[in-house]
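Following this line, the structures themselves.
Both of the next two complexes hold chain A, though its partner changes from chain B to chain C.
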Partner chain A sequence: MNKTLFFEINNYILGIKLNEINEVLENKNIQPIPLAPPFVVGVLPRRGKFLTIINLLAHPLKDISPDARILVLEHKEIDIGILVSKIRQVISTPITLPANQNTGFPLIHNDEKKCLCHHLIRMEEGIPFLDLEKLFTYLKKVWF
Partner chain B sequence: MKNKLLISFIGVILWIIAVNFLSSMVLDSVWKAQALSIAIGLLVGMIFGIYISDSVTKNLFQLVEATTIISQGDLRQEIEISSDDEIGKLASSFQTMLINLRQIVSRVKKGSQKVMKSSNEVHNSIKKLREITEQFASEIEKVMEAAQKQFHLLAQDSFTLKNISDSVLRIAEMANLASRSASQAVQNSQEGKNTAIAAIGQIHSFFSQVEKSIQLIHELGNKIIKMGRITDLITDIARKIDILSLNATIEASKAGEYGKGFGMVAEEIRYLTEESKSAAKEISSLIEEIQTENGAVKAAIEEGALGINRGRETITTLIKNFDQLVAEITKLGGSVQEISSETNRQALDTKTISQAFEELTRFAENNSLAMQKSNVVMTEQRKLLNQTETASQHLIATADELDEAVAKFKVTNE
Partner chain C sequence: MNLDKYIQIFFGQVEEYLQEIYQILSTIEREGTKDNLVNQLMSDTHSLKGMARTIGFSGVEELCHGLENVIKRLSSQNQWEANNILPTLIEGFALLEQLVENLKSNSEEKIPYREFLSRLNSLPLFRAQNEFRLISPIDLSPKLKNYTHAQVRTEILDRLLNLISEALVFQNRLRSISKKFNSRELRYLISQLNDLIKELYLQISIARIMPIKILTERLSRLAKNLAKEQNKEIEWMVEGEHLEFDRGVLEALEEPLIHLIRNAVDHGIEKPAEREKKQKPRRGKINLNIARIKESLVLQLEDDGKGIDLELIKEKALKTGIITSEEGKIISREEILKLIFLPNLSTAETVTEISGRGQGMFIVANKIKGLGGSIEVFSQKDQGSKFQITLPLKLYILPAFIVRVGDFLISLPVTKVISSTQVLNQKIFSQNYGEAIMFRNSLIPVYSLHRLLKIESPPLEEKGYLSLIIIEVSKNQTAALIVDNFVGQEEIIIRPLKPPLNHLQAFSGISLLEDGRITFLLDLEALISFSKQINLPYLFPYAG
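And now, the complex of A and B:
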C-alpha cells in the first residue's frame, strides 16, 4: 500500500507519492540566486551541497507562512526542493471515500493555467499528482 | 315876657290907682278924678305898652332876622339878646342851638368830607382790591390747576411709591431669603470643602490602588510576553516534531513492511504535533488577545491614572478654591446680611414715606377741593366786590350830596 502526501501551493492542492519524497525541511536559510529564472526561489545549504529550491507556481508564493515547507525530491540522483505553502496530510492510497465526499476531496484549483504544475501533473483516479518525470524533464530543459 | 306883661299890667293898675287917689284929692269931682286918672292911666299904660312892645319886638325882630339868615344856611350869626324875658331866653336858646348847629354842621362837614375822602379811598381801595382780587382769582385758578395737577401727580407718585414700597418689601423678603441662602451656602461650601478633602483622600487611596494595578498589569504583561515566548518555543518545537514525524513517516515508508509500525507511530506523533500546533496557535492567539487587551487596559488605567492625577490636582485646587469660596461667601453672607438689614429698614422707611405720600395725596386732594371752593368763594367775593363797588359809588354820590347839602351852611368866615 502506497502513501500519498498532499500539499498546498497557494490554493492548489497536489498529491505526491510518499516514497518519491526524500526529506521534508523547514522553510529557512534559502539564499536567492541572482539572474535565476522566476520559478527558482534560491538555494539551501544541505549536508555540504546546495539544494535548489523551486516554486511550481508561475508567480511568487504569497503570504509565506510558518507552515511553508520544502519537499526534497530525488530523481535519478538529482535532488531538488520544492517550496510548498503547507503540508496537508499523508493518506494511504488508493483512496476509498464515501460518495458524498468524492467531489470535495483535494482537487486542483480552477485557475490551472497560472500554475506551472498544470503541465507537471498526472491524474490518477481523479486526483492530481505531481509527476516527477515531467518535472525533472522540464527542469532539465529550462534550468539544468 | 309873661312876667314883664304881668308887671306892666300891675304897674298900670297901681298907676291908675295912684293917679285916681291923687286926682280925687285934687279934684272935687270923682268923675273927673276918675276920668283923669283913667286918661293918665291909659297914657301911662300906652307909654308902658309901647315901651314894653318895643322892647319885645326889637328882640323878636333881631331874633327873626337872625333866624332868617340862619335859615338861609349862614350859621355865622350871633344872637346877642340879653333880656331876661322869654325872648331873651328864646334868643339864648337859639344862640345855644346855633352854636350846637354850627358845631354839628362843622362836624357834619368834616364828617362828610371824611366820608367823601373815605368813600374815595374805599372806592380806590375797592378798585385796588378788585384788581388784587382779579389777580388773586387768577392766581387761585392757577393754584387750583396746579393743585389738581399736584393731586394727580401725587396720586400717580403715591401709586408708584406704593409699588416701589411693595417692591422694596419684596426685595427685603428676597434679601432675607438671600441672607438665609448665603448662610446655607457658607455651610454647604464648608461641607463641600470637607467632602472634597475626603474625596481627595479616597482618590489618593484609589490612585495607590491604581498604581498597584498598573504594576500588576505590567507584571502580567511581562508574564504574558514570557508565555508568548514559551508558546512560540512550543510552536517551534511542534513544527520541528512535525517535520521529524513527516520524515520518520517517509523513512518508514521507505522501510516497507518493516517500517509500518514505525510509520504509524510517526503519523500518530504528527497528529499530536498538529494538535499541539493548533493548541499553541490557539494559546498564541489568546496571548495576543490578552496582550492587546492588557495593553488597552494598561493604557486605560494609565490614562485613568493621569486623569486621576489631574483630578487630584483639580481637587487640590478645588479645596483652595473652596477655601476662597468659603471666605468670599462668608463675606458675601455678611454683606447680604447688611443688605437685608438695610433693605428691611429701607422697606420700613419706604412704607412710611408711602403712607406719608398717601396722606400728602389726601391733603393735596383736600387742597384741590379747597382751592375749588376758594374759586367759588372768590367768584362770590367778586360779586360782593361788585356790589361793594356799586355801594361805594352810591356812598360817594351820597357823600357828594351830603357835602353839597352841608356846604349850604356857612359856619366860618372863610
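And now, the complex of A and C:
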C-alpha cells in the first residue's frame, strides 16, 4: 500500500508519495538570496548545509500561517525544500477526494521564468501529484 | 621537513596494502592467476615502493623493487609457473612486513632481505612446491590486533564535519549570549567547549586527508585514453603525487583538472606528423606538478603543444562584443589570455565530444575561485601552455570582511580588501564607461553592489556620505564597491555552493555567521562579467 502526503498550497491540494520526502521542516530562518529567480524563497541553514527553498506559485504564499511547512525533497543528489501552506494528512492511496475540493494547480503566469506552471503535476487516479521528475527538469531548465 | 606525521601514515598504509596483497596471493593460489589480480598486486607493490622512496626507507624500496620483478613473471598464464613463484612472493612480502615492523619499533634486529634479493638474482626463480607450506587463507590473514587503522566512509566524515561546523557556530552564539551574564564559570565552560569543538574539527579534518595519487592515477589514465582516441602520442609525467590533501580539495580539483587535461590533449598537443614538421618530438609532453608551498597547494599543468592562439582569442572577443575595437588596440598579451576564462569564448574550430563549447574554462575558473583559489595561464605559440592553480589548504576557515547591502550580508576575503572608507558622494564622477574615484593617485572604477546584485538602494541624495570598500579584483586590478555599511570582520567557515546554489554566478561560497545569519562570499569578477554594467577597460589598470 502506498502512503501519500497531502499538502495545501493556498487553496490547492496536491499529493506527494511519502517516500519522496526526506523531511518536513518548520517555516523559519529562511533567508533570501540575492540574484535568485523569483520562485526561490531563500535558503535555510540545516545541519551544516544550506537548503534552497522554492515557492511553487508565482506569487508569494498568501497569509503565510504558522501551519506553513517545508517539504525537503531530494532528486538525483540535489536537495530542495518546497514551501507549502499546510500539511493535510498522510493517507494510504488510492483514495477519492471530495468533489468540492479544488484540486487544480493554477497556471498563474505565462512567463515561464516567473512561475512554475501547472504541468509539474501528474494525475494519478483523479489525484494531482507533484511530479518530482518534472519539477527538477523544469528547475534545471530555468535555473540550474 | 618534519616527516614524522607522514611516517605514521606510511606505516598505516603499509598494513592496508599488505592485507590486500595477502588476499590477492591467497586468491591466486586458490583460483589461478588472472590479469586483474596480478595488475592489482603490481600496483600495490609499486605504491609501497613509491611511498617508501618518499619517506626515505631505502630498504623497503629496494625490496619492493625486487618483488615487482617477481610479480612480472606471475603475469604468465602458466599456472604451474605461477604456483612456483608464489612461495617466493610470500617469503618476500613476509620479509617486507618484518622490515616495516623493525622500522616502526626502531628495532636493531637484522632482517635478511638483502640475502633474499641476492637469491632472486642468482638462483632459479622457481622453487619446488614442497619447499614451502601451501598457503591457506588463515595463514595469510593478518592478526586483528595488528590493525591500527579503520576505513570510514567519506560521507560519514562529511557529515561529521558539517555537524562540527554547525556546533562551532552555536558555540560562538553561546559565547555572544554569555557576555550578558557576569559568570566566570559560564565563560570558562564555554571556553572549554570552544577548545573541544575546535579539536574535534581538527581531528576530523585530519581524517579527511587523502593522497593526491588517487586523483593523479585517474588523470593519467584519462590523458592516455584521450590521446589514444585522437591518434596522438603523449608522455605523461607527475611530480608530487606522494602529497596528501583534504578530500574536499581533491574532489573539487578533479573536474577542473579533467577539463584542463582534455583541453591540453584536444587543443594543445599536435598529432605526431604535425609535431615532426615543427621539429618537435613525436610524443607530446603533459606534465602535472604538485607542490605544497606554505599554506597553499600549487598545481601546474604544462604541455608542449601549439599554445593558445592570442590573435584568435582577440578576434573572437571582438566578434562577440566582449571587447570593443578601441579596447582591442590597447589590450595586452596577459589580458587576452585572461579572456579565456570568460564564458562563450571557445576558439575551437569544431566542437568535439571532448571540448570546445566555450564554457569549460569559465567553469574551471569559477570552481577554483569557489575554493578561494586562483588560476593563471601562460602560453607561447608552438611552445605550449601552462596553467597554474593555487588553492588555500585551509579551505574552510576564511577571515572575512562583512558588509551590508540592503537586507543581505556579503563577505569578502580580508586578503582582498585594501581599504574601507566613507566618501562624499560628490567624489564619485562619471567616465565614459561608468563611475570612478581617485584612490592613491589612480583612477579606479566604482561599482554599486546594489546595482550589481539588483537590490534596491536608498537614493544617493539622501546620503551625504557613501560607504566604500576598496578591493583587489584580481592582480593589478582594484575597484571600489558602494555598500550600505560595514558590519565587521569575522572568521567564517565557508561552504562551497552546491546545486542548485552553485548557479549563483556572483558568489563563490556561503557561510553562517555567529548570530545565525547567512552571508555570501562575493566573487566580484564573475559578478561584473555577468552584469549589464560590464565595461572591460575598468578591469585593466587605468592610465590616467
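Going forward, the second predicted complex is superposed on the first by the 123 of 144 C-alpha atoms of A that agree within 3 Å, B and C clash if a C-alpha of one lies under 4 Å from a C-alpha of the other, contacts with A are read in each partner's own complex, and residues count from 1 in each chain.
Here is the rule we go by: a residue touches a chain if its C-beta (ideal position, glycine included) is under 8 Å from a C-beta of that chain, and two chains touch if they have at least 3 such contacts.
Quick caveat, the model's predicted, so the values are computed rather than measured.
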Using the superposition on chain A, tell me whether chain B and chain C clash or fit. fit
Identify the partner contact of A:K3: answer first if only chain B is touched, second if only chain C is, both if each is, neither if none is. first
Applying the touch criterion given at the start, work out whether A:L35 contacts chain B, chain C, both or neither, answering first, second, both or neither. second
After lining up the shared chain so the two structures overlap, which partner does A:R47 touch, if you call chain B first and chain C second: first, second, both or neither? second
Partner with the higher number of touched chain A residues, chain C or chain B: C
Go through the superposed model and pick first if A:I21 touches only chain B, second if only chain C, both, or neither. first
If we overlay the two complexes on their shared chain A, which of chain B and chain C does A:R69 touch? Say first, second, both or neither. first
First, second, both or neither for A:V142, with chain B first and chain C second: neither
Between chain B and chain C, report the minimum C-alpha distance in the superposition, expressed in whole angstrom. 19
Please write out, lowest number first, the residues of chain A touched by both chain B and chain C across the two complexes. none
Within their complex, chain A touches chain B through residues 3, 5, 18-19, 21-26, 66, 69, 87, 90
Across the complex, what residues on chain B touch chain A? 235, 239-240, 243, 246-247, 249-250, 253-254, 263, 267, 270
Enumerate the contact residues on chain A facing chain C in the complex. 29, 31-36, 43, 45, 47-50, 52, 77-78, 80, 139, 143-144
Inside the complex, what are the residues of chain C that reach chain A? 159, 161-166, 405-408, 410, 453-455, 495, 498-506, 510, 512, 516-518, 520
